[in-house]
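First the structure, in the form of structure tokens, and then the observations on it.
Think of it as A, B, C, D and E in the order they're written, each chain with its own count starting at 1.
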């Protein structure tokens, strides 16, 4: 389903003027604090009215100032997990969770109370009032409440930031399942690039009320070195490779690119499928000769390109690896000792790689965390 | 200053029964959602009354049920950054920030409005009401408000979880400065082990209302593999090393241990100082011969110890490195190809190391993020 | 301010129904003497209770014998100054378009005339006009038949209003009230012997000071005042 | 203590007063909440006028209010005639009229109490309910109403108490017919108007106070329970 | 339209009524807020009793309230004698007495309004102020009070309006002495008691309504401003 947004909204001195369109099942809204994420999501949910513009989800136009359309919020069927949980204080947790049920056909299956409650780990809280919950518990109930309303679009405003890592790690796969299986498109607000990279196929970056970039999360993050938040992403480069061989015995798949091979843990890739890898500069070691008798299976032939100092003691060396760029971060001393110079042939030894989400578009392939397979 | 807590408190079905004592300038309260962190902090701040127990900060007893002491909250001088910001809706941001000033001697220097406001990036918000702020903006004002009350103990309940990474990255050093320079002890609630490891010298882990562990954060995290949150910490081991030489030219310091040397970016360590390093298993490569002509400067002689399968395609190999244990994660295929066997002599090539906080105890040495120097 | 009130002349506590007449008389007195009385109009009951608890009243002009008697019993009035000054009569009123009149006599068919309507009266146990009306109906032998149909108003003006607005077909009010309302018509007058004499007693209170109070009392007993009372429909008894 | 026992006629007045007060309270509930809602949330031209109108019975001497009621709802009054003709609803000289008078007199108190509660409602909760698919009416019934219940209870008890004491407007509008419109305060008033009526007045006053205090206590318990439910523990 | 112009004596009553209402409103403000606070936050044995006492003037017919005031605060009453002797504070048959009567009659309305507001205050904000070093009194002044201002304003306007209309208790307590205790409603009442008084009553009623409506409108504007400040935009 496509979300198409093109809105203008003024709030005091702040002006939101954002247009984007995303066909992905999960699109992320990303941007620094105060950039307008919540404001935008409010407009989509119908909690505020754009000064002008158009909002459509799939074929349904929710708002169109030109056409005079403004679907009331309760008819938009948009589940909203608020940044502040906003539970109903007078209802029990169970009644909070089931609130949306009044308005949906009680069809069998998927998001049902038992499964949602079990996943969110709130079974023991069902009889309580929201006032007697901890911050994280409240947020989990809020997620459950939105899910159980069976919305046709889910808006999640920093839903996980109040949760501990273990809980996050449990819920993220569930959000992935929602996205992939339940077919509920999600607009996901987050300031964690890690979460976004893991979950989103498409990232819309807001800054001071404008859309400053959109696209595949890591690619955008790389492009926007300007974006302060990208600081969290370590420098690295992407390599396009093709899955070529499978080693059943060791559970490994060999990915081939010009210049060499990369071996990664088995990933259910169909052979011949092309995949994108992200290689962090700090995971690349350089050797003048092809190392032998080492545990690293991934050695690529490359030639040195430009190099620039990186910090007090480091160097960032660009490599040409069969036409694709790689980045290596080594110490200045190594750089000197190896007498690296542009054009020199070297071997890049990769300790670990991670998969770019792009290959997740193939229905079969499971997405993998950015710090995934270490060969 | 020492915080000593030994309290019992019942809330419905939940029972908190926690005792700990920390002399560190910043102690972290860590634990899953609903484990009782906020409850405990409430007791310290005087917002709730323990059923029994004793709470002391330094020489001041704040609560002692046996002695009948219960200092009223406004005399405790404890700054509290709430999980929900709790700004005064009827006051401007400026008045919110200055609220605590009514009650403190207006001494010159340190936390003053201008510096706090600049640091938190809220200068342009001073004239607004809290209702017109975004979630992250609100949280920043709340932090500023607590700081400006010049407390003798600062309680921070997940203060950064509503903030983007860039903003976090800006504020964390400031919290470090508060801890190190302003001398305000901090009790810091967080569910992010990253934050805790970076900031805290001492971590108290709560689970279901009990203290299940206390100590240096990463050590505790390693010990508590039982703790689900520790999942976020990748397997690794600690090495004790001594700073021996400094290479002024390349800005590198050489750390020595039995079995070899490790070179890290210059860190203002005094020579002779002993330091603890954390080496992640996935950052260790094994070689049968000492590699030459490679960019990695850190090669340690070691002997293979036990090995156990790790996942479908991996092996986790324990190494003895001059009496200290190292862990290497390699593929099963490499393990077979190198014909590794217990007792075999190998070389461990380290791509990157991180510093354990323990050396931060020396006044001079600056703490370094867990994913610090990459040689 | 209390002293100021004293300077302004005597303080008169008077039944509210005397307002029109006393206001006129006060104006006339002021024109002659340059002094004017301060007159507090309220229900006789309230005024009496206030005098009991030390109100700074010099003259009490009641619409009701009972309350004057109650004060007299407690020596709160100067007994020698007491006069039964005014008289009034009670009448049966109906709407202005009522046909003819009703002869009020023993056993007259009041209940039948009412049909399923009500008879508007002032409160029959507490308000003077109501008490007189009830006594009259009792002595005429129709009270038992009529009493279920009696609507008791707070005071006689309210009873008049009920007839005036057409809520009640008939009512018992003072002649003085009936005369001034164009929407009602007197359909019968109760003979004076059917009820205790309707009198308005007046007296100086025990705490009355100065000559002005006595002077004002004398003035309202005088001829000028008589004319003004009579203009409002009262009978001056002396 | 024999003087404390009400006479049979007084019992009639007591029962009538309770009935009138309950009906006044119940009858003004829905219009009261609706008007309060209009005043808080509505943005229409006559808002100030409506607000003023609601407060009128407070401002006017009760006798005047009773007079106005008589003009409007009397047998000949425009509203009274209309209601009698089309709905068979007659107020004049009926206990229903007493209830109407009491309701009107208590209305400003009810509306104010409910209004204050509505103003205190966190509208973000209503927004949340909206996103979950609840129509405005449903939101009102399931979120707003439960949250304002303490205010509604307070308003109701004010109306009830006021009705137990109201007298001026009632007696002017429907006079005091024993068993039909003579409420407790009218009976008390009658006692105060005769010398020596004090015991009677005191007796009935004590009864009235006892009833109202019981209602008050009940309402406090109710409000506390409602409040506890809403704010949890 | 000449009949619309009040006579000089009527002007006296109008001015007096405004003064009495303002004093009643201002004078009951502090006790009203204090009692409301006690009722909401206090946990003491006599709480229900205090609550009942506050509501009494609502429950009792005004005449009875006035009579009770007369007994207590009259020249010969225990409180009246005490206050006169030790503080030179005389109520009986003074305009101050009228103000007292109006204040007492309006008190339940004031307390209820303030109470509802206090109950709606988010106590977590008060906690936050406490951790910043504010003593309970300071917390009240800087956090609670600003947050309950709309309720306080509502309570004040109710008291004022009630005072403008109050008549039964006042006239029973302090009579209706022109220039001293004859307030507007008492003057209106007097007009209703004589033939031909209707125009006078109507005239004064219109004046009374005009004043109250102006006050009401003013209070709404004030409350809106206060509210805007509190909830921001």
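Throughout what follows, contacts are C-beta pairs under 8 Å (C-beta built on N, C-alpha and C of every residue); 3 or more make two chains touch, one makes a residue touch a chain.
What you see is a predicted model, and the numbers here were worked out from it, not measured in a lab.
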- prompt: Can you list every chain that touches subunit B and also touches subunit C?
  reply: E
- prompt: Out of curiosity, which chains are bumping into both subunit B and subunit E?
  reply: none
Message: Just the number, please: Cα centre separation of subunit D and subunit E in whole Å.
response: 20
Query: How big is the gap, in whole Å, between where the Cα atoms of subunit A centre and where those of subunit C centre?
result: 92
Field: Between subunit D and subunit A, distance of the C-alpha-averaged centres to the nearest whole Å
entry: 59
Query: Between subunit C and subunit E, what's the gap in Å when you average each chain's C-alpha atoms?
result: 34
- line: For subunit A, residue numbers touching 2 or more other chains are 12, 84, 128, 132
Field: Residue numbers of subunit D (touch at least two other chains)
entry: 63, 67, 168, 189, 192, 233
- request: Give the residues of subunit C that touch two or more other chains, as numbers and ranges in rising order.
  value: none
Query: Could you list each pair of chains that touch, in label order?
result: A-B, A-D, B-E, C-D, C-E, D-E
In the complex, subunit D residues that touch subunit C: 63, 67, 70-71, 74-77, 92-93, 168, 171-172, 174-177, 181-182, 189-197
- prompt: Within the complex, which stretch of subunit D touches subunit A?
  reply: 124-125, 127-136, 138-139, 142-143, 146-147, 229-233
Message: Please output the residues of subunit B touching subunit A within their complex, sorted ascending.
response: 11-13, 31-34, 37-39, 83-84, 124, 128, 132-137, 140, 157-158, 161-167, 169, 191-193, 227-229, 231-232, 247, 249-252, 263, 265-266, 282-283, 285-289, 291-297, 311-314, 328-336, 338, 349, 351-352, 374-375
Message: Applying the document's contact rule, which stretches of subunit E touch subunit D when the two form their complex?
response: 48, 51-52, 55-56, 58-64, 67, 108-109, 112-113, 115-117, 119-120, 150-151, 154, 158, 161-162, 164-165, 167-168, 185, 188-189, 192, 201, 205, 208-209, 212-213, 216-217, 220, 227
Subunit D-facing residues of subunit A, complex: 45-47, 72-80, 82, 84, 86, 88-91, 99-100, 102-104, 128-132, 145-146, 149
